[in-house]
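Presented below is the structure to which this report refers.
Every chain is named by a letter (A, B, C, D, E and F) in the order it is written, and numbering of its residues begins at 1.
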Amino acid sequence: MKFIKDLKNGDRISDIYMCKHKLSATTKNGKEYYSVTLQDKTGTVDAKVWEPGSGGIDEFDAPDCIDVFGEVTSFNGALQVNIKRARKCHEGEYDLSNYLPVSSRDNDEMYKELLQIIDSVENEYLSKLLREFFVNDKDFIDLFRKSSAAKTVHHGFIGGLLEHTLSVAKLCDYYCRSYPLLKRDLLITAAICHDIGKTRELSLFPINDYTDEGQFLGHIVMGSEMVGEKARKIEGFPELLKQELQHCILAHHGELEYGSPKKPSLMEAVALNLADNTDAKMETFTELLGNVTAPGWQGYNKFFETNVYETRL
Amino acid sequence: MKFIKDLKNGDRISDIYMCKHKLSATTKNGKEYYSVTLQDKTGTVDAKVWEPGSGGIDEFDAPDCIDVFGEVTSFNGALQVNIKRARKCHEGEYDLSNYLPVSSRDNDEMYKELLQIIDSVENEYLSKLLREFFVNDKDFIDLFRKSSAAKTVHHGFIGGLLEHTLSVAKLCDYYCRSYPLLKRDLLITAAICHDIGKTRELSLFPINDYTDEGQFLGHIVMGSEMVGEKARKIEGFPELLKQELQHCILAHHGELEYGSPKKPSLMEAVALNLADNTDAKMETFTELLGNVTAPGWQGYNKFFETNVYETRL
Amino acid sequence: MKFIKDLKNGDRISDIYMCKHKLSATTKNGKEYYSVTLQDKTGTVDAKVWEPGSGGIDEFDAPDCIDVFGEVTSFNGALQVNIKRARKCHEGEYDLSNYLPVSSRDNDEMYKELLQIIDSVENEYLSKLLREFFVNDKDFIDLFRKSSAAKTVHHGFIGGLLEHTLSVAKLCDYYCRSYPLLKRDLLITAAICHDIGKTRELSLFPINDYTDEGQFLGHIVMGSEMVGEKARKIEGFPELLKQELQHCILAHHGELEYGSPKKPSLMEAVALNLADNTDAKMETFTELLGNVTAPGWQGYNKFFETNVYETRL
Amino acid sequence: MKFIKDLKNGDRISDIYMCKHKLSATTKNGKEYYSVTLQDKTGTVDAKVWEPGSGGIDEFDAPDCIDVFGEVTSFNGALQVNIKRARKCHEGEYDLSNYLPVSSRDNDEMYKELLQIIDSVENEYLSKLLREFFVNDKDFIDLFRKSSAAKTVHHGFIGGLLEHTLSVAKLCDYYCRSYPLLKRDLLITAAICHDIGKTRELSLFPINDYTDEGQFLGHIVMGSEMVGEKARKIEGFPELLKQELQHCILAHHGELEYGSPKKPSLMEAVALNLADNTDAKMETFTELLGNVTAPGWQGYNKFFETNVYETRL
Amino acid sequence: MKFIKDLKNGDRISDIYMCKHKLSATTKNGKEYYSVTLQDKTGTVDAKVWEPGSGGIDEFDAPDCIDVFGEVTSFNGALQVNIKRARKCHEGEYDLSNYLPVSSRDNDEMYKELLQIIDSVENEYLSKLLREFFVNDKDFIDLFRKSSAAKTVHHGFIGGLLEHTLSVAKLCDYYCRSYPLLKRDLLITAAICHDIGKTRELSLFPINDYTDEGQFLGHIVMGSEMVGEKARKIEGFPELLKQELQHCILAHHGELEYGSPKKPSLMEAVALNLADNTDAKMETFTELLGNVTAPGWQGYNKFFETNVYETRL
Amino acid sequence: MKFIKDLKNGDRISDIYMCKHKLSATTKNGKEYYSVTLQDKTGTVDAKVWEPGSGGIDEFDAPDCIDVFGEVTSFNGALQVNIKRARKCHEGEYDLSNYLPVSSRDNDEMYKELLQIIDSVENEYLSKLLREFFVNDKDFIDLFRKSSAAKTVHHGFIGGLLEHTLSVAKLCDYYCRSYPLLKRDLLITAAICHDIGKTRELSLFPINDYTDEGQFLGHIVMGSEMVGEKARKIEGFPELLKQELQHCILAHHGELEYGSPKKPSLMEAVALNLADNTDAKMETFTELLGNVTAPGWQGYNKFFETNVYETRL
């Protein structure tokens, strides 16, 4: 496949791209045309369909994947694809991971790993609660596995929420071995559930943007509420345990000014905050280094609030 | 009644006081005695029952009200009541407002006023939600009317939550008349519900202290969850409206660092934050002036972060 | 009248507009021409007078209102008016409110309402002080009624200072009814005077920009000084009362970092700060919603420090 | 003279001390006595007059200096003077500097030095303004020369305001020689006037406490107002110059959060802030080292926000 | 051994305690006596030697361990040991860990574990640098193994620096496995060296207090300087590698306001800061829970800035 | 010489300019050309060599000074020099101060003045240390005298470090006369050494950018290390004195958040911070006023965090 970042003036293309936006417009002469943005995982390019009514142009809309035949031209210093033929593809014709950012890890494998960790939780109620979400609730599982963990910052790709959750849970597992006073069942359960509110805070790709309830309530409060509701439905779930679990979720940003309505009061809540913060920073730096073009100083980085450097040893 | 703040060395007392704490202890000689703290609305005093087994001493415990006969002595520079006779009283014998801080406004009247405001809400779903809490749920109403609005700061007395809620709702009503873009039904409903989580964050008097869930979750999150649950049970309650209402509650502290997980995004949420803040500050200054002994400068005040002054005009 | 925001390429115009800027310039060929900015309440447009010496072009300058005859053309993607004839208008020919932002409320009516509130002040000295400013000092009254309350943020229009002052005074009046310990005369007087320094901090429209003394001293200090001077001229004005009034003005921004040299020490100063803040936020949100083009999320708002939303109920 | 810090149980004293407080009280037996606090520059001591009516006890009150004859006893672990005879002294009998903290520099000499600096100001209006305060206004001069510059921190002694003012003015003079763009007349005038509001913010010794207007308005605003009033009385005083001078005074704390309602906008205002800050910190460290008993680390110091150390070289 | 926390009025003791302070004083009658503080790992107790010259009293001083024979009495509500006989002990007679706080882990074992990690560093220069410190420099090794990691907060015991260093290094090792872009050799070396400056910032137990250079320079700067010096002595040590290692040490507190003169610019520096912070918080909570007497809420904790809770599951 | 800021369309130039950047490129027709930026102290201008192979074009590169013969044309609204002939100059043909920002003070004279101050230091060890750097170390002296004190802010020109150092040292000398408790030798030595780390933090002009070690370690830590190393080589240099000197350097930014790892604990460290800050602010304002084109308000200034004004008296 010819990736968008490799297109050059004068190229002919005949490949499948995702339609990110499509707009019907009119030229000065009153002729209708389509203004389209094509996208793959390497970027986007402006495109035009000057003859929408012509035979080779299917009905299509964002976010369809379309098989495009056309020419690459240059307009005002930017590339533009002149679309001659456009055919709407059906699922199976293309590999979605070519068009949208996707976790580099295999989704099935990550999910399997998560289930193994869930299996290691011994407390009857916490185990039941985890299973309700991650084993029994097919809709939730589907959503959770597809979700990204962010709109712009770290783990902002399909499967990102699963990858981040797994990473945090494993870090917490390491903590439990190093700091024996930690209650493992509580910490592991909190780690696995800490960002489940993100399944509702962000819409799925290709949109991956904040939902209304995401903006009004936020994933922290929604996650706590989801856990609270589930626990209430499990007979005999200890009230205090429910509160402790919700507390870990509410406090996982660590500071009020980062959006947690409570600071961590439990050793497990402190640990979860540390694990979440650690994975966020390590992944952010990893993504940053993945985008480095020249070694050395990379300029001021807003997230790390300083000039960052690619180490070579 | 002889109030505790007026007791003097040598006084004899024969009056009803509340038992705040009671402890069984042993003298150096191995004799059992009771160490008791007596309380009324003016303060507390240490007391001892040196002859627990004697005829005139009933069985009693905190927070019973007991009819005490005894003498006031001085021990190590502090007053101490030597209890000779102690009879446990039954409800009706005493006026609770002599023993615990109570709102200066009549509770029935305030509740009636609140119901009138609820009646003015026109939106079918918001009206239904308010009625579910404040008209139909007897346990909740009872709790709400008795609750204080704080452990130490403003409105920290029986009926304080009701008084504060009413005051905020009326202020919001005034706003609606002055700023016509405000959606009255949403704002009034949010005002009335904004602190309902406090019914579970603080235990009732005479304890009036943070509960476990109060510390783990906080009244902001609990209030939002209570409203969310109630709305879900009302058929047809619009999802967006539910989110807006929850948002107003979550954002009513105005800033993340004050414990709100979201900053106000709606004009109504901004208004609720202003009304809550206004009533909190005005009541705090009112309580402060009520405790002034000499006019003029009152010294540095932590809440107002400056030296405060009693104005005389 | 044809408003600037509705102009299109090819339009002919024959209407009165305000001249906001006028510059004499020379073409490459050495010919003189005028570069002019025309303004009405809907926006501004670039304009040129290519033949300044021709018969139909009057002498005019900013901020005259001129009757323009010309053609709308497009230059470099922006509209430009080619002015063929320009006649300077005299007062009475046009309605100023078409050219400058003006309060939506009637100025006479607001002033009358303000006088009624002033009439309600009972303290002899405070009453006298208010009358000196708002009844007897014609220059001040004229200035006060025309002033805006801000360069860019809320109430930044003609009559804005009067509208804001009235709104704050009425809110304070409401507070006095709700919180009886407030000294009404002091609070109402402070509310009415709190922003009088703005009459000198900002120049009048169409300029509406900071003056030298506005930048060097600020309206808070100037307002306090104006009140101090006036009070000193009123025989018998109690010194302490003068200080309390000045204190309310100095402290009305509430925090040192917002430019108040003192934090509020009086209950009235706290109340004034709350009323000022409430009206500022409610008006800002009102103006914001007035500019909304599509409902829903409006993007990040610097003043409210969050994404704001237009509620529909 | 026997200083208070050297008194020991069993001493007899016969010396002049200042009466700091005096209270009439009654013993358990109903006998009247005086409870007195005696003070000299080394500290204070509790004292009692058990026989107020006896022959040797004059009428006296705070802050009189009295010639005391009595015995030093120990009561509850603290010293107490049993006053047998007390004679009220008249000015001239004692040296005030033994009883109150006084600048170590000669007041006349400092004043003379200040006048010399004033003589060096060339601008006609600034020169006139300085003379109005420091040459012609006898009451002001008297007050200014006696005032301290603080209640607790640096220069908190009689003559402290003069000493600090002189030091700041000389530092500014040095700046003018080093940084030639500084306008010397403006900077020197601002330096000399920057703290004149302190003559009214603090009452004189022995009280040396905040006045009402000091708390309500603060020395920054009062100083600016004093300069403004004086300038308005000088015919022809340029308005802009007056504003610049007031600005320097208003901005001399450098930051809004330190109580300046404006940040420095003029190079002279920046310079004055630096000079004021420099003298404050150097004098504070000087006073701190003057109180050092053992060399080395002196413990955490609130003003410098760190552990401070006495250097020996 | 009878621990100090278990002493009761009337006890006789005959055990070895550490002398923490010793002062020679004189009674009112002019007789010399010693005022002594005895210490073991459970606390301290006041003690007196009333007959210093008597036969059974050896010469001893802080911090000797002395074999004490005496009686426990009560004075002013506090226990006091009346020392009848005191014999200075020699090393070997007592187990130091009874008298001073010591790591619960075996020192030899921790050191061995550290050496194994050092062995895993492959880079020739970093390996050499680590060996210079931790294998070849006997004085340094001795100091490092005895040092505590803090005066008051986490790891404030003998062996604490070693225990903390090991824990941080192992956490970093885990990070290297999870985040493959981390350069393991750099990170592990930085982890092992990050707090070596503490060997000079704090004096050894029983004093365990800040040294002069500790206060003047701090362990961050000293650690960086120690590493810099050592690297300069290793022939061929790459200059950039030296700077990166020093940077990791300088930046390990993560924020300027926590005393790091640079924010982390390298992924390894970010990782080290996270590991250090994680171990600090987990150990602090572990020590806190170790001191819990009653389960549940433990009150406001300054380090965690909230009320903390002991979880029971 | 014709300065770049005075070039006009149509000018012919025949003068020496510095080549700041040079890039070899290819026209659409495949012809090679050079794109060059020429620089002098008044600015930069774009230039092209269309015929690189032609006779009159020498080999040259940044940062050579080249004698240019060419024509000034206008391209896309900006000037462009069409270079016809370019000859690489050798040192001596040009005056570097025409091409790079240079201190307005004579470098030799400043250095002489610095040596005089060094001569005034009496303490044997401090004197020796200063001489090692500023008299004996020719490489260091050369570097120090050429260095700028900043990349962008104050003293960002050749000789700037020397000028700033001298100014700070003289200010400290003035302090010593005004505040006699200051230890002059320590303060003067610290003042002279406080920024020596900048010789390694910034590369020399024309680059004047942060070096690797500048970014990793910073001039504060490097300066302290340089002083530490030098002191260790001077036999008998008192350890405590070395620490105090290093402390002054480490603490000279005054606050942790400004990059000092320690707050000032010595009076001399406080003084150095004040002198450094004073010179920085005065020079910044001086440079700012030097760039003023029109008097009056200069707009918001990021460094002074307010709108700044050019005073005219």
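Note that in this section a residue touches a chain if its C-beta (ideal position, glycine included) is under 8 Å from a C-beta of that chain, and two chains touch if they have at least 3 such contacts.
All of these numbers come straight from a predicted model, not from anything done at the bench.
Undergrad: I need the common contact partners of chain B and chain F, sorted by label.
TA: Output, common partners of chain B and chain F: A, C, D, E.
Undergrad: Return the distance between the CA-based centres of chain B and chain D, expressed in whole Å.
TA: Using C-alpha averages as centres, the distance is 47 Å.
Undergrad: Taking the mean of the C-alpha atoms as each chain's centre, how many Å separate chain E from chain F?
TA: Their C-alpha centroids are separated by 45 Å.
Undergrad: As a quick test, compute the distance in whole Å between the mean CA positions of chain A and chain D.
TA: 65
Undergrad: Touching two or more other chains, which residues of chain C qualify?
TA: 212, 215-216, 244, 262, 265, 307, 309
Undergrad: Which two-chain combinations touch?
TA: Final set of chain pairs in contact is A-B, A-C, A-E, A-F, B-C, B-D, B-E, C-D, C-F, D-E, D-F, E-F.
Undergrad: Which residues of chain F touch chain D in the complex?
TA: My answer: residues 123, 167, 170-171, 174-175, 178-179, 181-183, 185-186, 241, 244, 262-268, 270-271, 274, 277-278, 281-283, 285-286, 289, 304-309, 311, 313.
Undergrad: Mind pulling up the chain A residues that touch chain F in the complex?
TA: 297, 307, 309
Undergrad: List the residues on chain B that touch chain E in their complex, please.
TA: Per the stated touch rule, the residues are 212, 215-216.
Undergrad: Spell out the residues on chain A that touch chain B in their complex, using ranges where they run on.
TA: So the residues of chain A touching chain B come out as 212-213, 215-218, 220-221, 224-225, 228, 239-240, 243-244, 246-247, 250, 256-262, 265.
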